[in-house]
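Chains here go by letter, A, B, C and D, matching the order in which they are written, and residues are numbered from 1 within each.
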């Protein structure tokens, strides 16, 4: 028998519990010797951990091959920060400690959080020691304005202010008409991720208000638009692109990097954007010959030598060189030259 | 915490095990005081119970609000018929005995079986004492030709021969290129259900061979057409039509009856088909006035008084009367008169 | 025969063309006497009108019952603003002039635009005289930074600066890794819509770059994430919620208003948000009794009389009164009293 | 402008019309120099050609890159067989004659028919001179019982009796509760295709009755199950597997052959099924050594030398050899030897 479900008390005093739902590996599962995992953080304003954003959220990911964990963290009288974050760190450490026994791929643990649990998941994505491989953030409270009131005056980090180049890829979703956590939270977090070149996906649905969890009819408490439950299959599809996925015959590699360009890496490269490279004087000698080509194209097609530099600020050098018909060797040569230049 | 997973030994000698995966009710789940359930019967030629057709099959139904059970029935040296069927009956009895404790709606237990487990599920649908509310049959072995060889010579019922008016609604699926259980098994079972007016749905996918289970990439062992995994969301949608479904705010009634017409009920009615009613002499006095109308329409539109009786054999009387513009009172009157006539 | 396709020259000198693709009404289409319509504005940096963002974009909407139009507006040497906007206005006027003949519901004309065509569609949504019923904006260029360079120095409106309470509902989509129109364009436009309480939906897909059009394999020129083509069925679903939809048996009313609350209407009402109503001194006499109830709940549950006012700024008064258990008559009474107060 | 729609009178006397809806090629469509096409045959009992099963059916295929044609064939007083079939042949010939001009891939013309149009499409699939590449058959009238009455006594071919090894791959769909064309028509046609090893896909939906066309809300006249409109995206997906598909960067080859095995080819091969090969004495010398291996496996695993031959009748020799661990050279050698043996 393959199901292995248990409840683990992580902290008796604060009533912190970890539900563990494991799956079989090896044997009839062929090349699957270990599995990715999802750690679910229910919402509830740090006053409770909602059952509607807990086990039922896990099942689609289990159907997709993930182990699943639900963390019921410190709430109510125990909610003082950083108690919930400490609970998260402890849970991740516990999972890591049992990774061999449970056949968990520790570099592929995804965190999913809702509302206040989304606040906690966004903290995991930004400031935690145990950084997840990706985060699913559902109508997450991330702005200063909201966090101020969740904690009734006590100091809580506003994750939107904590995003940096080490933040993990994120999948954001919410309903436009959220009456509890204003939709700006989702938009602002996406902008912060943009600033640091982090990969992400965003789905803001027409209506469904706050707290819809999986969005399925067996959980919904309110009217909702027809697409609300799409975030689960869509996030599974997104995760397979970000983390790769297991099959009976072997692992399939990811198709999308964690960052949309090379602007935050240790050295410059052909994956940096034109806009970024133009700010790097040290790169001029390497880039000038190709930039002359770009100017000629601009002049020929738009009668403006500089126009392409202005329009294509977000275009990666490699892509522009391909489109401009540069031979592969030329691209490789420039890339290698750029990789000699530290990215400060 | 809401997950309640356990393994129950139903028969130690034959190694029969029931995995129980329960879900929370009441409280945050509002009007959901009990839940429908799915009992999964893995395949394996009665030589094993495949882990690929077991717990992972359950999760999408759990996400849709079902409790889930996996029965590992008698196989190998214990497979002599009717051991597996007895295991099924025992499991259903066990669930019924714990229905109050587990909050199971005993009139909404669905059985799902694959290959040899599909044979067992089809036996449940046709000849078992504990009749399920509906059956999902995946590349099920139901023809005499196949069952003969599964049991290596011992007598096994061929479910296709056992279908009758008491058979539960069925959802059938398989791959066209099944190399183990010929696709005729699915087609023949659908024909048998047709003969007895049972509601059903059929999906035969382009390719995917035998034993694809949920059809997801984490379980598939072979190439498969792109639609193969659709049977799970499609069967959940079908079940909600056949059994209704629970929401936070209350139960939503089914939209489809278990039989496509009234031909198998205790009395005649307006839900019987034209073709069937025409064989019932006792109904002539009730029907003759309307049948004259039908003859006139046939004559006017097709220059043939009898044509509509021949074309519309499968049309229910009620529907034909609506299309023919009969007033609701006339339909009700005929329906009530027909319901006085026993259906022999 | 039902198809009625034609090309109309709107402006010979500037080569402005309107492709008209009409559908049958009445007869076998029952209650469908007129149809909604979609007007498609292809992209191309105001240098061309891309065929990949034209007729093929129209077909899914035609399958959903819409008439379709494709406008090839002024580009290249004719692109000086406001030529393209004038072309749009002329096309809308032309459609209105032929609405009876073509069976078009003029209050249900949707505009869809891509890239530079998305800029034009966003201008239609904000500043045009012929305001569409809804706008679909694909990787639209709406920020000042982008519009500056599309027009190579000439003054072009930046739609993100033009959003106000009269802007139509919008459906926004783009790819995270857009290398031509930075993803901030989509995020900023959503923020502007938020500020004016406009209904919208947003889908930002993991990767797919710029110019993916319908996102189908027959049009895509680059690698793309698996969900990229979802925006078409999703936008059709969204439109049916915003505009209602036609069936053989009659029109089905919209389920979502064009604004998420009543904050921008002529008078106050129970559809205004708590946060907004708290800024209206004139409403105090009407609201104070209920606000006392809210304070008591805050005190009882969170030991803080003001907390709910701070958390629930986006909650509509009506919804809060329902959750607080107020009788329907009380809600109606307050709503009517508020509707006597002008909303300045 | 890319749309090219026209109506062509194929036969003035019988009012036969071909609607032509073409799409652009080359230029912005890259490697797409010609396109596959779909020819739609509406239903209507040979008394009419229904507008609900005509142009609106075409649009999803056009969105997927197909040219589309709708044939309004001989009905009513002109319906005498073989008039409709002659209309079909004439239409196909007309398309072939214009293939260069219209950029049609003549080996990738799909026919789609509904009800009586499904009868005509099934005749195209079986007995026509212009054989389509694939056929989509919606609640098609194919049994003798139905065809007898469609034509009111005149002799009409029953396609279910005409299936043979030259029949094209078929995609079948209907609703379980079809009250006009009994569901046996779909099941029997699938059985006939099975007998001749033709590739196919079948979807029988829970309820939706007869004549649902595309199954979308803008066309449906009756209640229908939630999955009814899936047949269009599913058939597009199926067609891409059977015919391959075009992309900007080139053609993608089919992934599924037109026949599920090699039993109907001119010579034997490793693609023939075990069951079929066992009936061929001439193949014994080639197969006997491997068959001995199969017997040993049967004995070792099931204590029965013959069991695998009986269970695996539908298994292709190549697949069984792979599973049995035979080296690729051995498989190639046997395949080549078998290809020397004519298949009578």
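Quick note on the criterion: a residue touches a chain if its C-beta (ideal position, glycine included) is under 8 Å from a C-beta of that chain, and two chains touch if they have at least 3 such contacts.
Quantities reported herein were computed from a predicted structural model and do not represent experimental measurements.
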- Message: Going by more than half of the contact pairs matching by residue number, which of C-D, B-D or A-B reproduces the interface of A-C?
- Response: B-D
- Chain centre separation (chain B, chain D; CA means) in Å: 28
- chain A to chain D: how many Å between their CA centres? 44
- When centres are defined as mean Cα positions, the distance from chain A to chain B in whole Å is 41
- Item | Multi-partner residues of chain D (at least 2 other chains) | none
- Quick one: do these chains touch in a line, a ring, a star, all-to-all (complete), or other? ring
- Note on the structure: In their shared complex, chain B is touched by residues of chain D numbered 45, 47, 146, 149-150, 152, 176-180, 182-184, 187, 190-191, 194, 199-207, 223, 225-227, 230, 234, 237-238, 241-242, 255-256, 260, 273, 302, 304, 307, 310-316, 319
- Message: Touching residues of chain B toward chain A in the complex: what are they?
- Response: 1-3, 5, 7, 17, 19, 21, 23-24, 27-30, 32, 50-52, 54-56, 59-60, 62-65, 70, 72, 214, 216-221, 232, 240, 245-249, 252
